[in-house]
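These notes are about the structure you will find just below.
Letters A, B and C name the chains as they come in the text, with residue numbers starting at 1 for each one.
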Amino acid sequence: MDINWKWDMFFEAFPYILQGLGVTVGLTFACFLFALVFGFVWVFLRRIKFKPVNWLVTWIMEFIRSTPPLIQLFFIYYAWPMVPGIGVSLSSFEAAILGLGIHFSTYIGEVYRSGIEGVDKGQWEASTALNFSTRQKWTKIILPQAIPPTIPMLGNYLIIMFKEVPLASTIGVVGILALAETYGTDNFRMLEAYTIVALIFLVLSYPSAILINKLEKKMNRRFDKKAALQDSKGAVV
Amino acid sequence: MTESIKENSSSISKTNSDPIVEYKNVHKSFGDVEVLKGLDLDIYPGEKVALIGPSGSGKTTIIRMLMTLEQPTSGEIIVDGKNLWHMEKNGKLVPASEHHLREVRGDIGMVFQHFNLFPHMTILQNCMTAPIHVKKEGKETARKRSIEMLEKVGLGDKLDNYPSQLSGGQKQRVAMARALVMRPKIMLFDEVTSALDPELVGEVLEVIRDIAKEGEMAMVLVTHEMDFALEVADRVIFLDDGVIAEQGAPSEVLEESDNERLQQFLYRFRS
Amino acid sequence: MINAIIEVFPVLMKGINITITVFILSTIFSYLFAFIAGLCRVSNNKLVRAGTSVYVEIFRGTSLIVQLFWLYYAIPMLFDVGIDNRLMAGVLAISLNYGAYMSEIVRGSILAVDKGQTEASIALNLSRAQRMRIVIFPQALRMMLPEFGNYLIQILKATSLVSLIGMTDILYHGNILRSTNLSAAPTVYLLLLVFYFIMALPLIFLTRKGEQISKRGVAS
């Protein structure tokens, strides 16, 4: 066993690799935003009652979800420009947003769906009884109730996406992983370089996970309290 | 009053004067709340004891400590001459090991308010598991005895059903068979009819009545069924605020006592 | 198009052995690590619990791709292995990573079994080990099934990463093909995606089956 480790190189590499953090974090939020918006598209597509469409949408989502995001990235970055007629050439950053964004939008869509299904049926009936338009039903009644309980779950996906973003280095996005690779190969210090990347991820994602866990508990309590309140009211009637 | 208790106890224990369970100055707290404030209680072989009292009075805690589901904060519990929560090691008393607990609690069985049947096993498997794994009985013996016991509680035709396919009353009868197969010397019943629909209470009480008639097993029942306590128990104990407030023969306690708290408690049940 | 497929397909298939080998080995070890770590996290021993949660938090807190590269460079220093250290790094990274995630499911399921079950097994005088083996674990296992199925698909997806450390899996061969003939790229990556999807299909159905069993499971 021969552990080849140099602390001075470790400290030299740290600031160099850290320069990539802006890109990594920026890409994370860009992908997340894309997935948040696109998630709604899936929700509404899945609500189409026409059977063949519904079936098609379900399986497209399943396809995107159960195939590797890495290959999806390659497809969008390398293959898409080659497709005759509709092909568009994208920068690696754009391709990463699109690729990871679409991949995770299928998960986010499911989160939304669970939130919407969690809204009491009576709310639909009540909003129909009050003669709201379909649009108003969604924006004023259903979504304001459906989305808040899903916030912790969405937060979890933000952290998961943060950890998937380094995949984008394979198509040339220069975040912390790509810089570590550069530094590592230039100086033959791979282990130090990757340890730094791992540390950065740990330091950022672990506290975030704890924070979200706390938020989840807090929200659970809040919604339980609400439910209990309704129960007690129900008992009086 | 004290006189009459002693008299009563001795009349029960005339065949065997050594108690099978002794609580000696037992205290139990949950956080800041002291549930039991120095309990002294002897239970004799074959004796049927009913514990009554308002909720929070500590009656369930008494039997849960005996089953080793809760640990006393202080005091001793002696089972058949053996200290339950402590053991001797190099001449000193130390907290009981898992091994010691298993040795002592082997004589004790318990039936729970919410049945706690094993949902992934059939009725028969529920009964056979402990004889096989704890008593190391052969499969055939365990099977035969389990079937006998299930027939005794009137469920001989449900052997291969799963708990989810039974009514509450049937589940509770299985739970009793499961405990009885282990041939305990002491059986604990923790509000065994409280979770049942009213029309199912009768069948469960019927089984307990039958077990009680056989006589050799000591039974401790935490119950809200006053009429049943009157009928089955040798002794009724009224717990209030962490202490024994009244005890004696059922008719004395339930009909003749002038303890004010007991009167209030009973009034709520009789009204 | 058909011509392109006929041309590309056999090239990709050269990597199929590697992809499937990595998937099967990773699955086995992921489950192994998940059960060991999950049981350790409900152990009575504080030290065991603490040690295991350090493992779990490190692997959940960092990225799989980073773990993969790290192990790829660390393994030759840590072990003087004669065997293919790329295979070892690939399988180990995927299994340690998903083992950590799945151990949380093992732990959660064990803790989710009704307390009354433990109490009833104490009342029947079962030993600690018997309680876990006969009563708690079989019930917990049923609760784990749907999530375990989902992670099977995640593991399958993760196998594509091993091409990044130079393992010659299907993606590796696809990338080579693309670098020599860029116009083949759409066929290459589409075929790869379809291939992964076909492999995922049985896992998707398995997961649904697991959900049914789990739902049927455990109400007392």
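Following the convention adopted for this analysis, a residue touches a chain if its C-beta (ideal position, glycine included) is under 8 Å from a C-beta of that chain, and two chains touch if they have at least 3 such contacts.
The structure displayed is predicted, hence computed values, not measured ones.
Peer 1: What pair of chains is linked by the most C-beta contacts?
Peer 2: Result: the chain pair A-C has the most contacts.
Peer 1: Compared with subunit B, which chain's mean CA position is the farthest off?
Peer 2: A
Peer 1: Hey, which chain is the most central one here, using CA centres?
Peer 2: Looking at where each chain's C-alpha mean falls, the closest to the middle is C.
Peer 1: How many angstrom between the C-alpha centroids of subunit C and subunit B?
Peer 2: 47
Peer 1: Taking each chain's centre as its mean C-alpha position, how far apart are subunit A and subunit B in Å?
Peer 2: 54
Peer 1: At what distance in angstrom does the C-alpha mean of subunit C lie from that of subunit A?
Peer 2: Each chain's C-alpha centroid was found; their separation is 20 Å.
Peer 1: Considering the complex alone, what residue numbers of subunit C touch subunit B?
Peer 2: 114, 116-117, 119-120, 122-128, 130, 134-135, 138-139, 142, 217-220
Peer 1: Which subunit B residues qualify as touching subunit C in the complex?
Peer 2: 67-69, 98, 102, 105-106, 108-110, 112, 114-120, 129-130, 133-134, 163-164, 171, 175, 178-179, 182
Peer 1: Which stretch or stretches of subunit A touch subunit C in the complex?
Peer 2: My answer: residues 1-4, 62-63, 65-72, 74-75, 78-80, 82-83, 163-164, 166-167, 170, 177, 181, 190-191, 194-195, 197-198, 201-202, 205-206, 209.
Peer 1: In the complex, go through subunit C and note every residue touching subunit A.
Peer 2: Checking each residue of subunit C against subunit A gives 57-58, 60-67, 69-70, 73-74, 77-80, 153, 156-161, 164, 171, 174-175, 178, 182-183, 185-186, 188-190, 192-193, 196-197, 200, 203-204.
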